[in-house]
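Going by the order they are written in, the chains are A, B, C and D; count residues from 1 in each one.
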Amino acid sequence: MRRPAARDVAGILVASALLIAVMPMLIGTYTLTVLVIYGMLGLSLGLIWGFGGILCFGQAAFFGLGAYVYAISAVNIGESTLPMILAVLVTAGFAALLGAMMFYGRLGDVYLGVITLVVTLILFKFINTTAGPQYVIGKARLGGFNGIPGFQTLNVPGDPEAYIWGDQLFYVCAVALVIVVLLVTWLLRSSFGRIAVGIRENETRMALMGYDVAARKTVLFAVGAAIAGLAGALFANWAEIVTPNLFSLGQSAEIIIWCIVGGLGTRLGPIVGAAGLAYLKFMLGQQSMIDNTLIMGLVLVLFVLFLPRGLVPAVASLWRASVGRGTRRRPSRHRRLRHG
Amino acid sequence: MSLNRREFLGATAALTTAGALLPSATLAADSIKLGSILDTSGIFDAYGKPMDQALRLAIGEINAGGGLLGREVDVLSYDTQSDMALYSQYAQKLTRQDQVDVVHGGILSASREAIRQTMRKSKTLYFYNVQYEGGVCDRNIFVTGVTPSQQVEVLVPYAMKKSGPKVHILAADYNYGQITARWIQKFVEENGGEVVATDFFPLDVSDFGSTITKIQQTAPDLVVAPLVGGAHLSFFRQWAAAGMKDKIALASTTMGVGNEHKVLTPEEGNGIMVAYNYSQELDTPENRAFKEKWEAAYGDTSAIHELAVSTYQGIMLWAEGVKKAGTVDRMPVIEALETGISIVGPAGNIAIDPQTHHATLDVHVMEVENQGMTVMETFNQVAPVDTQQVCNLQENPDDNTQYEIQI
Amino acid sequence: MAETVLETAGLTMRFGGVTASDNVDFKLRTRELRCLIGPNGAGKSTFFKCVTGLLTPSDGHVFMRGQEVTGWHPHQVAALGVGIKTQTPNVLDALSVHENIWLAARRFFDPAEAGARTDEMIDRLALGPIARAELGQLAHGERQRVELGLVAVADPWLVLLDEPAAGMSAEDVERMTAIIHDMTRNAAVVIVEHDMQFIRSIAETVTVFHQGAVLMEDHVDRVMSDETVRRVYLGKKA
Amino acid sequence: MDLSFVILVEMLYAIATLVLISAGLAVVFGMMKVINLAHGEFMMMGGYATITAVGLGVNVFVAMLIIAPIVVGLIGLVVERLVIRHLYGRLVDTMLATWGLSLVFIGLATMIFGNTTTGISTPISGFAVGRYQINGYNFFIIVVAIVLVIAMLAVLKGTRLGLIARGTMQRSEMAAALGYSPDRIYMATFFCGSALSGLAGAILAPLVGLVPTSGGAYIAKAFITVIAGGPSLIAGLVSSATSFGVVSQVFTFAISPVIGDVALLIAAVVLLRAMPQGITSRFFRGKL
């Protein structure tokens, strides 16, 4: 990670510019948009898990919350700029509260997993029971199981009639992802990011150095949630409907699978894992021979058993080995295993 | 209980057909393209699979008869895996990339709402062939399933006559259940009865022990239970297990839509009162012919259910509209359908209501008997009065709302 | 009389029915070097943990430079300028020596200053050749040295070391003794230890713990020749 | 009077259900520090095993109490040999791998049985308590749960196997010191845990409509119950099942089943916040 910052940023910009130019020729932009959004969602967990050591079983809660906050405020406001901002802020605020409760309570990893899982379940159950007409926020009916359709979708700021959709939405999402990646890069290079990695490695030591571990984990958790919230808001714009399924455990599971398959402790891994697996799922929908759940499950089991570091680190070390150049840095093996 | 060989072959065949159809370049240039978008895997596939089979049966029949307007009809189908996000994705693919002439599909109301606007924006005619809560008002969509008023209007008086005036409602806690519960309340009161309590259950509730105790506290004469899905099926089982079945009468507007009555044993299911457009036990020449065709294609008719028949009838109505319009272009077909086109399907005569784009159809009040549904009373040509209250596409052709019907 | 930097009054820690630390009164002057000794289970480590905030005492008070810090979190104690090394090596295994020490320095200095101090500390500890190696790959002695380095780099005025000499070679111990002496120029140092050899080489005043309480507190030579201490030690150690 | 009796039975039944659905997970977690997230799917397979056996003409009680546990236990054995044993000591990895397995089992069950709801009817009929009808099967579940807890206590306390098991729970080297290979013990434990999951699934099968995804409804509750119970296997299981059972039933009767579920979840959050290591880290320490 100690490559010069300028080279890192330049690399990201060139690679993403190329991808944004080339990919629409290979895959429809509509599908690409959701792959980009899932990539962002993967990155949100990759950041807090891979670099902060916080395994959150409920990242979907933040994704769903972002989407719902967007939908609800878009119905009420009728313009998309403020709802986008709200989606990020409310989600981050919610995560900060939840994180503070967990981290100041000094909960262990497994307990953290349980609480995040339970919070996701509560949200899921709650949203599912809001079908009745009494569940209204402003002008927005929560709609229960059926979700909220028909809200104002993304528009040029200040002009509610100028919709951004189709190809334009793809470019907006892609640029948003690039910006998020750059922000994450900056964050990881900053003292804050280096301290976060220190906390992932050894909380006690960092506390004995005088760092307020709980506060820092809370902030990192909230940052991750904010990214998930942004992804949720973009997803709402793409799907034009939000449903409680966004909060489901299945959705949370998928995010974790993306990170494992892509590779933890890298920025690229979770993005690649998310986009790749989501595309795989999309392709699998066009056949009916083998059950798709089965394939996703197998992928996860096989990766945990045989490639626990994930694709990106594995490919990177293969690359280094075959090209035989670059610094001989020991790849950090089995990083997450320590958090057992 | 293993993978049935025929199903397996069927699946393989479906796969190869779909595979052959996928690259749009290989499609015959002059074929008509029908898009299908259904959950044929995942938790809703009990609904989706027979619908998919019915759709292929209908298209096979049309093509065997020389196609439509002398052109072959090709099916482009996508499995949405019970995932709402995939609905949006495949809808985009069908309308933009495949540029189909019509789309049939969607199961849950949420899935319909996820794709309805895409269909409207891309000017692709859309058929939703499912029993649902009613109220959709959009000139681009045709709905061939029954709506709550159509069922409740005939079911409630029948059930109350058989039991008594005190009714306890147990409804699935989502849009459909909420609206249906209100219709039940209205018809109970109109028939001189009283709703003593209404409880709503999210779709994942499967333990009804406390509910059954509560029902005994309110001591109704009749329980009406529009409960939905696998978890809710537990209610009917626990109800029987508690020995309640012979004490309080039970009616439902949903039990049996996915052939749930075939899962319950006769002891658990017998006597439950329902009202639908279709029953496998309907004794009409059309239904017998339909079941024979189904058996020839898939070997076993046990999978046929209400939604499958709605799908079949939906395709046939569309085909009728195309024939009448002489083209597959959207507006002429819509206008043709708005003339009140009707067909006689396996469930009887079904006509498009021009005002709402919903269906006027026969509703049968039935009782579950030995895992079948025995018709007790038939009401011919029941109109979708609920949607008619709020929707008039002839006066407001640009309407694009799902109304919540106030009662 | 020099300023008192660390003081405990009636410090007591009970686990269920066991009193691991029993009404301990303790005082430490600035730049003093003090060793805490005692047989296994005498309550040294419990005392150490109560002082550093790793445990919250059941009773009693802890003061640092006159401020009450009873029940504070370790990070709050550390933030006062207290350097702490726990019994088991507590380092950041997947990070380099440089990154380890830098993170400790960064808590009290801006990034540039932290970098400079880190380089300086690496020189002082003769860690130059392995500065970019990951801690996980280093030998035990090297890891201990790095941990001392990250304690020292923050310029603490009070240093608390729990068994720093455990498992080290004679050469490592010697180097460490030098580092600790170095520290006492600016800081008071408390060392929990039961390696008598090491204590003799480094200590002046020694506090002896026995059954959770302070048995005696005196110059190292007098303590070593004391009958009671010998009996406690030999009796337990055998 | 009748009503309070009925409510009492419902409450005991809720506790018994929680004990049943958590027992398999608790054994595997307590002994091996492995969290088996495919636990719910093991239950689902127990249900299908029962239904299939009953369909083949086996007596329903034989199917539930004997066939289902054995079938699922054997499946568990295969899973342990193929997957879990490579991951001992890696808690998070085992969670992820078993999560993957749960998806695999859902997929397999879907391919074999289809997504249609199936089930068998309840083998015990209901009866009247005053004005009220009670589901007789509830009593069966309560009895099975009590027998199960007593049996687990007896095995752990009274047998040599239990001694070894307790030793392994304290430290895994202990078993080796006693001359048993930990590998064998883990294998046996996972078999027992899976069999218990299968049993739970089988016993609940007559009450619910079974689909391949049924397991998901149980895993979260079981997971929460076990974690909230804390380090003591049986005391933890019983105490947390009791707390959650009472809380959820009170709210279910007072308001609705959904609120009951939500109350359970909120109770779990509060409980873990107050006692981060689980109930038995504070109470019943050192008990089994």
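Throughout what follows, a residue touches a chain if its C-beta (ideal position, glycine included) is under 8 Å from a C-beta of that chain, and two chains touch if they have at least 3 such contacts.
Since this is a predicted model, take the numbers as computed values, not measurements.
A.B. asks: Please tell me whether A-D or A-C has the greater number of C-beta pairs in contact.
C.D. replies: A-D
A.B. asks: What's the distance between the Cα centroids of chain B and chain C, rounded to whole Å?
C.D. replies: Centre-to-centre distance between chain B and chain C: 74 Å.
A.B. asks: Taking each chain's centre as its mean C-alpha position, how far apart are chain A and chain D in Å?
C.D. replies: 32
A.B. asks: Just give me the whole-number Å value for how far the CA centre of chain A lies from that of chain C.
C.D. replies: 42
A.B. asks: State, to the nearest whole Å, the distance from the C-alpha centre of chain C to the C-alpha centre of chain D.
C.D. replies: Each chain's C-alpha centroid was found; their separation is 47 Å.
A.B. asks: Residues touching two or more other chains, restricted to chain A: which are they?
C.D. replies: 125, 129, 291-293
A.B. asks: At which residue positions does chain D touch at least two other chains?
C.D. replies: 110-111, 258, 261
A.B. asks: Where in chain B do residues touch two or more of the other chains?
C.D. replies: 41-42, 173, 200, 202, 204
A.B. asks: Kindly provide every pair of chains that touch.
C.D. replies: Chain-chain contacts present: A-B, A-C, A-D, B-D.
A.B. asks: What does chain A use to touch chain B in their complex?
C.D. replies: Residue positions touching the partner: 28, 30-31, 34, 125, 128-129, 131-133, 143-147, 149-150, 235, 238-241, 243, 245, 281-282, 284-289, 291-293.
A.B. asks: Report the residues of chain A in contact with chain C in the complex, numbered from low to high.
C.D. replies: Touch residues, chain A against chain C: 191, 194-195, 197-198, 201-202, 204-213, 330, 332, 335, 338.
A.B. asks: Considering only the defined contacts, which chain B positions touch chain D in the complex?
C.D. replies: Chain B reaches chain D through residues 1-3, 41-46, 49, 173, 199-202, 204-214, 216-217, 229-234, 237-238, 240-244, 247, 258-260, 263-265, 267-268.
A.B. asks: In the complex formed with chain D, which residues of chain A make contact?
C.D. replies: The touching residues are 55, 101, 105-111, 113-115, 117-119, 121-122, 125-126, 129, 249, 253, 256-257, 260, 290-302, 304-305, 308, 334, 336-337, 339-340.
A.B. asks: Mind pulling up the chain D residues that touch chain B in the complex?
C.D. replies: 3, 6-7, 10, 13-14, 17, 51-52, 55, 110-122, 124-128, 131-138, 206-211, 213-214, 217, 249, 252-253, 256-258, 260-261
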